[in-house]
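First comes the structure, then the notes that go with it.
Chain nomenclature is as follows: A, B, C, D, E and F, assigned in order of appearance, with residue numbering initiated at 1 for each chain independently.
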Amino acid sequence: MKDIYIADLANFDEGKLFDGYFLVLAKQQRTTKTNKPYLNLILGDKTGQLEGRVWEPGDPRIAKDFERGDVVKARGSASRFDDRLQMKIDQLRVALPAEVDKSDLLPSTTQDVGVLWHALLGFVESFTNPDLKRLLTTMLDDPALAQDYREAPAARQLHHAWLGGLLEHVVSLCTLAERVATHYPILDRDLLMTGVILHDIGKLRELSWETGFDYTVEGALLGHIQIGTALTERAIDSLPNFPPKLKTLVLHMILSHHGKLEFGSPKLPMIPEALALSFLDDLDAKMQAMQGEFDKCLREGKPADEMTGKVWALDQRQLLNTKRWLGESRE
Amino acid sequence: MKDIYIADLANFDEGKLFDGYFLVLAKQQRTTKTNKPYLNLILGDKTGQLEGRVWEPGDPRIAKDFERGDVVKARGSASRFDDRLQMKIDQLRVALPAEVDKSDLLPSTTQDVGVLWHALLGFVESFTNPDLKRLLTTMLDDPALAQDYREAPAARQLHHAWLGGLLEHVVSLCTLAERVATHYPILDRDLLMTGVILHDIGKLRELSWETGFDYTVEGALLGHIQIGTALTERAIDSLPNFPPKLKTLVLHMILSHHGKLEFGSPKLPMIPEALALSFLDDLDAKMQAMQGEFDKCLREGKPADEMTGKVWALDQRQLLNTKRWLGESRE
Amino acid sequence: MKDIYIADLANFDEGKLFDGYFLVLAKQQRTTKTNKPYLNLILGDKTGQLEGRVWEPGDPRIAKDFERGDVVKARGSASRFDDRLQMKIDQLRVALPAEVDKSDLLPSTTQDVGVLWHALLGFVESFTNPDLKRLLTTMLDDPALAQDYREAPAARQLHHAWLGGLLEHVVSLCTLAERVATHYPILDRDLLMTGVILHDIGKLRELSWETGFDYTVEGALLGHIQIGTALTERAIDSLPNFPPKLKTLVLHMILSHHGKLEFGSPKLPMIPEALALSFLDDLDAKMQAMQGEFDKCLREGKPADEMTGKVWALDQRQLLNTKRWLGESRE
Amino acid sequence: MKDIYIADLANFDEGKLFDGYFLVLAKQQRTTKTNKPYLNLILGDKTGQLEGRVWEPGDPRIAKDFERGDVVKARGSASRFDDRLQMKIDQLRVALPAEVDKSDLLPSTTQDVGVLWHALLGFVESFTNPDLKRLLTTMLDDPALAQDYREAPAARQLHHAWLGGLLEHVVSLCTLAERVATHYPILDRDLLMTGVILHDIGKLRELSWETGFDYTVEGALLGHIQIGTALTERAIDSLPNFPPKLKTLVLHMILSHHGKLEFGSPKLPMIPEALALSFLDDLDAKMQAMQGEFDKCLREGKPADEMTGKVWALDQRQLLNTKRWLGESRE
Amino acid sequence: MKDIYIADLANFDEGKLFDGYFLVLAKQQRTTKTNKPYLNLILGDKTGQLEGRVWEPGDPRIAKDFERGDVVKARGSASRFDDRLQMKIDQLRVALPAEVDKSDLLPSTTQDVGVLWHALLGFVESFTNPDLKRLLTTMLDDPALAQDYREAPAARQLHHAWLGGLLEHVVSLCTLAERVATHYPILDRDLLMTGVILHDIGKLRELSWETGFDYTVEGALLGHIQIGTALTERAIDSLPNFPPKLKTLVLHMILSHHGKLEFGSPKLPMIPEALALSFLDDLDAKMQAMQGEFDKCLREGKPADEMTGKVWALDQRQLLNTKRWLGESRE
Amino acid sequence: MKDIYIADLANFDEGKLFDGYFLVLAKQQRTTKTNKPYLNLILGDKTGQLEGRVWEPGDPRIAKDFERGDVVKARGSASRFDDRLQMKIDQLRVALPAEVDKSDLLPSTTQDVGVLWHALLGFVESFTNPDLKRLLTTMLDDPALAQDYREAPAARQLHHAWLGGLLEHVVSLCTLAERVATHYPILDRDLLMTGVILHDIGKLRELSWETGFDYTVEGALLGHIQIGTALTERAIDSLPNFPPKLKTLVLHMILSHHGKLEFGSPKLPMIPEALALSFLDDLDAKMQAMQGEFDKCLREGKPADEMTGKVWALDQRQLLNTKRWLGESRE
């Protein structure tokens, strides 16, 4: 485990030395006003990112061979210039694989991935439709896919944007979908669940999460809706005697899950399960975005009766944390 | 109970006499091409409406004193002209109050209103927040309001457009909201429930359902969002020591429940409970609209593999009844 | 070849007998005002469709065993009721396969399909990129696909809505794309051409054209963009060593060819070839729609200085046929 | 009256000492690059706001007990760093109530509030409709409401965003509405006037103007349309025998005055008076925004033939001051 | 003056003979079910239009030589078929020029055109800006333009759609603009007035009003904004020493008077006068549309407490006639 | 030719002296933190623009008499402050006309303007329609107009934003239009060409390109669509016997070439030539914008597999350079 995190530096005494492991997110050569060269870095870990400056790039204690994407061990101190926190780096070398845990370097779920994965498999286990059960079992049994499914964020920014975020989002949705499926007899529960589990599976290839969260070129050009549909179609076609109608319905659910053409779904939901999926997916994403916003306000020490700033993931609206606001009024 | 319903006439032998009770939805004086006067009526009951013609308005067996909104007993026969069904009315008189059951004359819920009402009160009973419980108890104890709440449709056309439709929609939403509230710890369950129960209460005065479903002038000019907010605010103000913050939150939920400005909500949902309410309300309305559309296709004998027509309540999209389509493929 | 076409009936002497072959587009049992049963039919051929009535359905000269989708031989006369043309059918039987040419029964291209197909293959032949050439050769060599490609309409209604319309549209686009590719060095000509030839290939399964033009259930739920992408991906995956980057680009062109999310493309064009394809496709469709509208005005005898009606395929705008308008002014 | 205003400092000799009274709009602890603590303040008055730095926060001449929202007396000098003006504060203490006039600390109307108020009462006095007259008289007689009405800004930013701005806007609208009411016989003059006077009354509680202009939590969650409607409804309900139809119309005018659903009006104007109100309100706000923009250009010394920047309150369009542009061309 | 008007026929005894002058709006050859030829006409006058049938087109009392656009004298009777009023025409001849007054045949203003014209000239007379005065004087002195200005409707359908409607609309706007110009010192009164008088002058050529109201081809292709700007520019260029800045401003007002790009103005209003013009023009059009709708309801005998239907010219909203609704409540 | 360009300074040794000619784009008086006055300049040439500071404005080697818009000769050095490049100016004087070539000071086409102009005249020469030929010949023969046509940029920013950009864009479009005109027999080739050559001619007065690219006041208030239409109309009116229909068509093409009302065209394209023009104009602009973006990425050394940033001229989408991406994959 890391000793110091980016988020800790805000409260660190200025000038005091620290040692830490960070992911190099950017690296640039620059010169000062007086024409002296220095290195400007963006260093990050799971708690955030910060600018770091190497004023003596020629110092032998500063490695020459590190690049964007490397993990480094750095010694330095924190300082504040014109009210902006910075790191001053005195020593730096590439970290050994054994020294670092990738989950320390990118934000990741606070839940236990093993438990989440077990829950997901449990939902599949509960299916009564043999075709859908065999489809999901086949897909989730693929070790590479399963590994990615456990790691992938649910989005680059908006909601569940952390390692394991996709799995966390899907398991939350499974629980929710189960409750809703029971409520509406019109819904085929296993079909809805299948849509929940597969709707974002294209993100396993749309996004990369090695050095920060980003889109792959394939992801940018095709999108996770197309990638996920194709992945699923290939899996279905590998199964003998999968009912063609069921195949059409499963693919339709992935295609239509954004609910609107302008959100990138080429088809509107036209079956009850697809309609329900698009609502629940959107609701779960927004509830998480709200929760994340409230957590951030708490961390930043905002008073309970101050609305949040304008939240991008919620159409620029401002929010109020009901429970906290009411709670304080009772004290 | 009525002997014959509008919906039955489609399969009635042409020319055969029937007796029935109908609501007069329109009444006009007209003349034939040869200048002979006749009466043109629109008669309705819970199963639909149909044109009826009185060719001998001077016949003593035809009452003179009936108006739009009256219930009449009529004797006549069905016929089809240029492929359009019509009634030919031979005798007609105003019905006695004892002869008719209003629920026969307008479409009404197929569920037991007493059971639904009991369920609603049960939800209120389960509240742990004393202020919200006392607010809802006070409002639902008002006999006039309670009577309207049990009768009102949820809409003029789009969804749950039948007597008792509002209550049916709200009870469905309560069950659903309970399940969702448990899933998200961020949600204050009683506040969400309060929003569910009160969100459409303005419809008790926005709509009239005496002679068909229509908007009142007050309803057209103010809308159920404003009417419901005012109704609730008055109820709150009548309660001693109701917490002002809680009042603001309850009113905000009613105001924002349409989820978007362009749908007539003057505020977007800004608290978790309001966000959840707007999603669940929309989902429940759309699931009912889907169900209603599928029922209609079944009644009309459409084949299972034919998409529905373009459904107005669902942005003109066409729908497919998953279970029926899959079901037939297994036979 | 047929002796009489729907379009001819408008100028046919009322009452005079005709014999003709028609496609049964609809068939309904009805009764007259006096309770007499009759059959109401919609009969069509490549020139249009018309209502036909069988007033004596019990007549032995009227077949009992025909259904929607059958081709029938009918004898009857044309008449006009309340300014609306109708057929009165006296005799009717199911046509023998040998008696009819399907291309007589649905509107179809006025160009020679063999010539068009040859032109298409010629474009593929001219490719210098071996991978794209082998992809298209493989796909177009599939006899079933080739048969469908020669028959399919380009759309249900808006443009090139006739048998062979897709092929006609694609060959027009190939010629155009060739000219544009030469103009912009930034464009990869073979990649652009590949996009042109494959962009609408999903329509082979999205649409059915046996009994009028309609959407299949699969087409309605998945859309031709998804169907075409999947078809192409499968073809690519069957080819050894197809470059993965090229695959991504080809799929991107199909996905993005509608040019806007709200038109059902899940991705905007992000490469020069996709941008050019979306422009040319749209331009060619609109030019054809204009041409079709002008032809219709000519057929209907509208004067040269009268704007067309509001054209649905062109955002409800009215059009003017420049050449005709100028031409007349010179006479 | 204050001796020095924020706006004066731009032309103040650098380094020369000033004494002034300011409103503390923000207060933060910071440290310099060399880890020395200092205070960063935002100080404001009616002419603007400026950053101020206390480099010696431990100096006994610097008060410890002031907070955001306090009015302070400060001694210091102005300086410019990297072309940005700043205050360097040497002494600072909380001001005594008697020392300051609140209207010096926030921008406020340049008109005489007493005269405006008198004009407003004069309009009410002129009513011939006794019910509307008694409604307005009752409301404006409430001393707390009257006090707020005289102080409130008309908006947080867009137009009339200064103390007394609401009253100024309403009196301007009254004069305008009087002229328009005479022009259209269809308009009920007193009803239109009532709408003018009450349309923004909810802003008295939607906005706070103690320490800068901001939204209250109630204002953010309910909005001035709902707050104003409720306030008015309560006043009406307190009057014996107020005609119910008139009540509906008055409330409708407040509800619909933004003219469009997407601007937060839950109802479109459906009566002539509401339509006229929405037009005049919008016109007056935009004319004031134009005037304000032109005044700013003049202050900043922009030449007469230069368009303004993109004006946010006018859909980002650029403006030209006609009179000034023409005027110069005549010199 | 005509003896009988279309509007009178609704209350005319069926079968009774009338004589009247009508404009032929359409003329078609048709045959009956029994193959008998007849003529179908649409006849109109200023009060409306109606279908007329000539059952004996060979009768020598029926002229052969009339066409669409002619004025005819017809003798016949009114009858009602399937609740739709019709004329049965027994005699018909082309009317002599002396027999008819064109203003009887198309709807026309109820105000005195001479008085309106005089008022318009009076406004021009009152100008103090000599350039604008000389521009308008020159234009309105052109006899052909002045004649058209007195006749033109203000629109084909939406508002002031009658002969003299444009003049009526402009004079109403002049009065209104005068009042508003006095209210805002920022406004150059003569420039605003010039915009009012010229903003729709392109309609003199965009519309034709000989045989019903329609667009000319030039009008359809260029639009009244372009036509009016060009007309004005030509007039300005014919005046010696007209100030170029003033020319730009006048043209800008015509160009931008629709207020939004999507309403066909290629520029948004960027000067105060243009902004005011776009508001007042829209307000006056909508007030007239409201008045027209209320008049229609009154004519049709709708009760005072029934909202109008959805009004196309007012974004499909329903309206309520305030004064009438309140009035009845006082009776 | 200039010795040093703005773009070169990024790689210039800090502190080393340079001499260069620059256009003064802005000039401001400022003072340092210590109250010392200095001059802040924005200097530009065809390769970009940069901030320059004169720390000793009183130095006799610094001219007093230069203004925004002047070309100056400056001696100084480049330095970097907080990672932002700056010039430090030691000497500065106004350049002599003979010393500078205007095409060095603003970005300009890399093509030969003489060749482009010749190509344009060649297209006109090829016309078979005598009226259109004489119209274009007359206009392009006007020396002032021809001079402007050869210099004008096609836009202020989005595409072809350099001297000669308009001519370059038009000649590209002519070639393209020629190819498309041959493809669609419905198109009148000379009319389409006329539209191509005249569609942006209003930019000659909408834009100014003396001191950077900017809008004139006339341009801002009227726009190039109106200015170009008027210019063309005047030219047509000066030609004897120009066919009026042809005039309407030519003007319609200029008016409608933006293709949508919301893009500032007051009319949608309603004739085939106008439709084609709007497509080709948009396509050519976007192809150039893509090319420009790819060139920029290459200059900045971006890797071939990195998408571009969000491109403003292409609806904020990101782009991929197909050829470069594929090319690298083959190496």
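Remarks
Convention: a residue touches a chain if its C-beta (ideal position, glycine included) is under 8 Å from a C-beta of that chain, and two chains touch if they have at least 3 such contacts.
Keep in mind it's a predicted model, so treat the numbers as computed, not measured.
Separation of subunit C from subunit D in touch steps, taking the shortest path, is 2. The set of chains touching subunit B and also touching subunit E is given as C, D. Graph distance from subunit E to subunit F, where chains that touch are one step apart, equals 1.
Compared with subunit D, the chain whose C-alpha mean position is the greatest distance off is C.
The most distant chain from subunit A, with centres taken as the mean of CA atoms, is E. When the interfaces A-B and C-E are ranked by C-beta pairs in contact, the top one is A-B. Counting the residue numbers that touch the partner chain, subunit B and subunit D have more than half of them in common. As a whole-number value, the distance joining the C-alpha centres of subunit A and subunit D reads 43 Å. For subunit C, residues that reach two or more other chains under the stated contact definition are 217, 220-221, 249, 270-271, 307, 318, 320, 325. In terms of which chains touch, the assembly is arranged in some other way, matching none of the line, ring, star or all-to-all patterns. The set of touching chain pairs reads A-B, A-C, A-D, A-F, B-C, B-D, B-E, C-E, C-F, D-E, D-F, E-F, using the touch definition from the header. The touching residues of subunit F, when paired with subunit C in their complex, are 172, 175-176, 179-180, 183-184, 186, 188, 191, 243, 245-246, 249, 268-273, 275-276, 279, 282-283, 286-287, 290-291, 294, 307, 315, 317-323, 325-326, 329. Residues 28, 30-33, 35, 40, 215, 217, 220-221 of subunit E touch subunit C in their complex. Those residues of subunit A that touch subunit C in the complex are listed here as 217-218, 220-223, 225-226, 229-230, 233, 248-249, 251-252, 255, 261-267, 270-271. Here subunit E touches subunit B in the complex through residues 14-15, 79-83, 305, 307, 318, 320, 325, going by the rule given at the top.
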